[in-house]
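Once you've had a glance at the structure underneath, I'll fire off some questions.
A, B, C, D, E and F label the chains in the order they appear, each numbered from 1.
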Amino acid sequence: MPLPPIDHADALPEVRAVYDDIKATRHVPDVNNFWKVLAHHPATLKRTWESLKEVMAPGALDPAVKEMIYLAVSVTNNCTYCIRSHEAAARRAGMTDAQFGELMAVVAMANETNRLANGYQVELDPQLR
Amino acid sequence: MPLPPIDHADALPEVRAVYDDIKATRHVPDVNNFWKVLAHHPATLKRTWESLKEVMAPGALDPAVKEMIYLAVSVTNNCTYCIRSHEAAARRAGMTDAQFGELMAVVAMANETNRLANGYQVELDPQLR
Amino acid sequence: MPLPPIDHADALPEVRAVYDDIKATRHVPDVNNFWKVLAHHPATLKRTWESLKEVMAPGALDPAVKEMIYLAVSVTNNCTYCIRSHEAAARRAGMTDAQFGELMAVVAMANETNRLANGYQVELDPQLR
Amino acid sequence: MPLPPIDHADALPEVRAVYDDIKATRHVPDVNNFWKVLAHHPATLKRTWESLKEVMAPGALDPAVKEMIYLAVSVTNNCTYCIRSHEAAARRAGMTDAQFGELMAVVAMANETNRLANGYQVELDPQLR
Amino acid sequence: MPLPPIDHADALPEVRAVYDDIKATRHVPDVNNFWKVLAHHPATLKRTWESLKEVMAPGALDPAVKEMIYLAVSVTNNCTYCIRSHEAAARRAGMTDAQFGELMAVVAMANETNRLANGYQVELDPQLR
Amino acid sequence: MPLPPIDHADALPEVRAVYDDIKATRHVPDVNNFWKVLAHHPATLKRTWESLKEVMAPGALDPAVKEMIYLAVSVTNNCTYCIRSHEAAARRAGMTDAQFGELMAVVAMANETNRLANGYQVELDPQLR
């Protein structure tokens, strides 16, 4: 029942233009299902891609760090598609096995202490106000 | 009504030992409220501190990156105490204003696309299975 | 290992009464698995159905809007069963493809800006206090 | 800007009837703000109270355990009002300091391992399918 | 410690341009704190505003419905700033007291049944696959 | 693409030591997949197991109650692996069908009223401050 992915051959011109830009930017032969289902709403496809391209570009943080942050959020939210695609992206950007292991440990620890702070209703220290 | 922080002078010996290790490890004159309320359950205080010390130590990821990942999770979970204390920790570890800005942009974007993937029920691409 | 759905033929009289009311209210030939597993705890089945019938009835908001709100929450929480069943319900209530596309865009955007507000710890404007 | 609590003296008859039932059931002199703001939508007030009265009544689980479960969920969701009111309710129902400490430790641990299971995308063991 | 809002007088030209567009689009005399803190990262300010303007424009869904969906997500995520600002926006767009009451009831109900579906691990009905 | 479970025969000595302790503590012939994937990062495996063993040991709360609290959190977070493994653990620790039914009802109700408290922005009563 979910909307089927739309392949390049069946796509509207404005959708094809986005697919082509993704492929050129990422040096990949095809776009993945995420983009092919967003294609059902071309305005969302275009806006999401352009935002992502801007946000994930190299800047003050390097691309591997950005992908690891993306993965940390996706793991916290338990989005299977996002976990798998951004783990793959982080590895392509250079994340090692050891870094993946440490990333998971930090994400798990943060989720744990977030609840200790909630549960104990810890008051802000003066220097944090 | 929340449990009050327990100061060093009023703490049990096993609690003082943890406080002292935190101060020595972090080169700080006092521990913050988070630890002072966990002190109401000394086993939790000790276990949490020892885990955190191990997880956040320099390793395959540098400390600033670890603190930024911690902050990304805390922002996603909306834990005020954690956001403020780990933003401070990330800045102490070297996070710049520009890095903070990019970090927030990535966290926000990930939360957005996580829901697009959920809402469209995107099927895993073969290479992600 | 999850509890199996309980069919009408195998159900207790108080469970059958709920099934019959669902079928009559919704003009459907059978109830779906959600109700058939809640049947393992008849009090929960009855209370949940009666609450849902009251909450989702036409009122100040029309049924399609209520189903879209239900879907927005389910997407945010990433509940697959709920996403699929309430997307189907929203479409039956009249949600168009274009409305679905805009709904997803709003849900995604809200999840994004929720985290920007968290992360920047934005202070309430005077008029919002 | 949030809706103000509605006191008994200013309440509609159907709202007063709910307030009176809460006071009689819980042996308290007044209802708290949660009920007084729900009073702005009397149908929600009545339905929520009747559901809560049924769900939290002694049954196969004792009231203190039910309140601790309520608190575990509220801490996970970071609802300040709910954390404070259900911690108070759990203590009134008999939760000790030591039980509170263990409860927080379990809640924190579960939030941690939930993310390890997500992040590593652990496949279900045959006996869990 | 959170970053302070940046007023128009102190803002960079590209930030002022966004502020001016928000004021002109919404017919308001000033922008609120959310935008004034995003101004610390002008690229995020500009991208977020342009996305929001596009997503929230009248389309297949009317503006009041879009604001109610935004509010439903913000309540589910427990973002105080977002709840307050989007409740205000929804009321300005025409949401009545009765609609607000029903909206809250639907959001609460969805959060409840999402967990029943999770907890009982309900299998997808054939027509939902 | 997820990391494969590591069996005892293929495991490092420090991993085997953890597996052996889990089997001895729980009187089970093998460890489940959760531990076998954590084995890819031995420090995380060891720390997580030692924490879990300490937190879940009988204490002020009995083991069945601890497992039900674990399940309540896992249902709220929608972690399939965790729901299934901790439902099984709770049943082994003595949770009855009736207790499971009441547990689910409390978890669902708490998730519901958490959002009513958020949405109505209920102010803390004086005695909860």
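Everything below uses one rule, namely that a contact is a pair of C-beta atoms (placed from the backbone, for glycine too) under 8 Å apart; a residue touches a chain by one contact, two chains touch by 3 or more.
Every value quoted in this text rests on a predicted model; they were computed, and no experiment measured them.
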{"item": "Equivalent interface to A-F, taken from C-D, A-B or A-C so that over half of the residue contact pairs match", "value": "A-C"}
{"item": "Label of the chain whose CA centroid is most distant from the centroid of subunit D", "value": "A"}
{"item": "Averaged-CA centre spacing for the pair subunit D and subunit B, given as whole angstrom", "value": "27"}
{"item": "Computed distance of Cα centres, subunit E from subunit A, in Å", "value": "21"}
{"item": "Per-residue overlap in subunit F, given as positions that touch at least 2 other chains", "value": "1-2, 40, 43-44, 47-48, 51, 55, 76-80, 84, 88, 101-105, 107-109, 111-114, 116, 118, 120-121, 127-128"}
{"item": "Residue numbers on subunit F that touch subunit B, as the complex places them", "value": "1, 43, 47, 51, 54-55, 127-129"}
{"item": "Residue ranges of subunit A touching subunit F (in the complex, touch as defined)", "value": "78, 84, 87-88, 97-98, 101-102, 104-105, 108"}
{"item": "Partner subunit F, residues of subunit D touching it in the complex", "value": "1-3, 5, 32-34, 37-38, 40, 44, 48, 51-52, 55-56, 59-61, 65-66, 68-70, 72-74, 76-77, 79-82, 84-86, 88, 96, 98-99, 101-103, 105-107, 109-114, 116-118, 120-125, 127-128"}
{"item": "Complex contact set, residues of subunit C against subunit F", "value": "1-2, 40-41, 43-44, 47-48, 77-79"}
{"item": "Complex contacts: residues of subunit F adjacent to subunit E", "value": "71, 75-76, 78, 80, 83-84, 103-104, 107-109, 111-116, 118-121"}
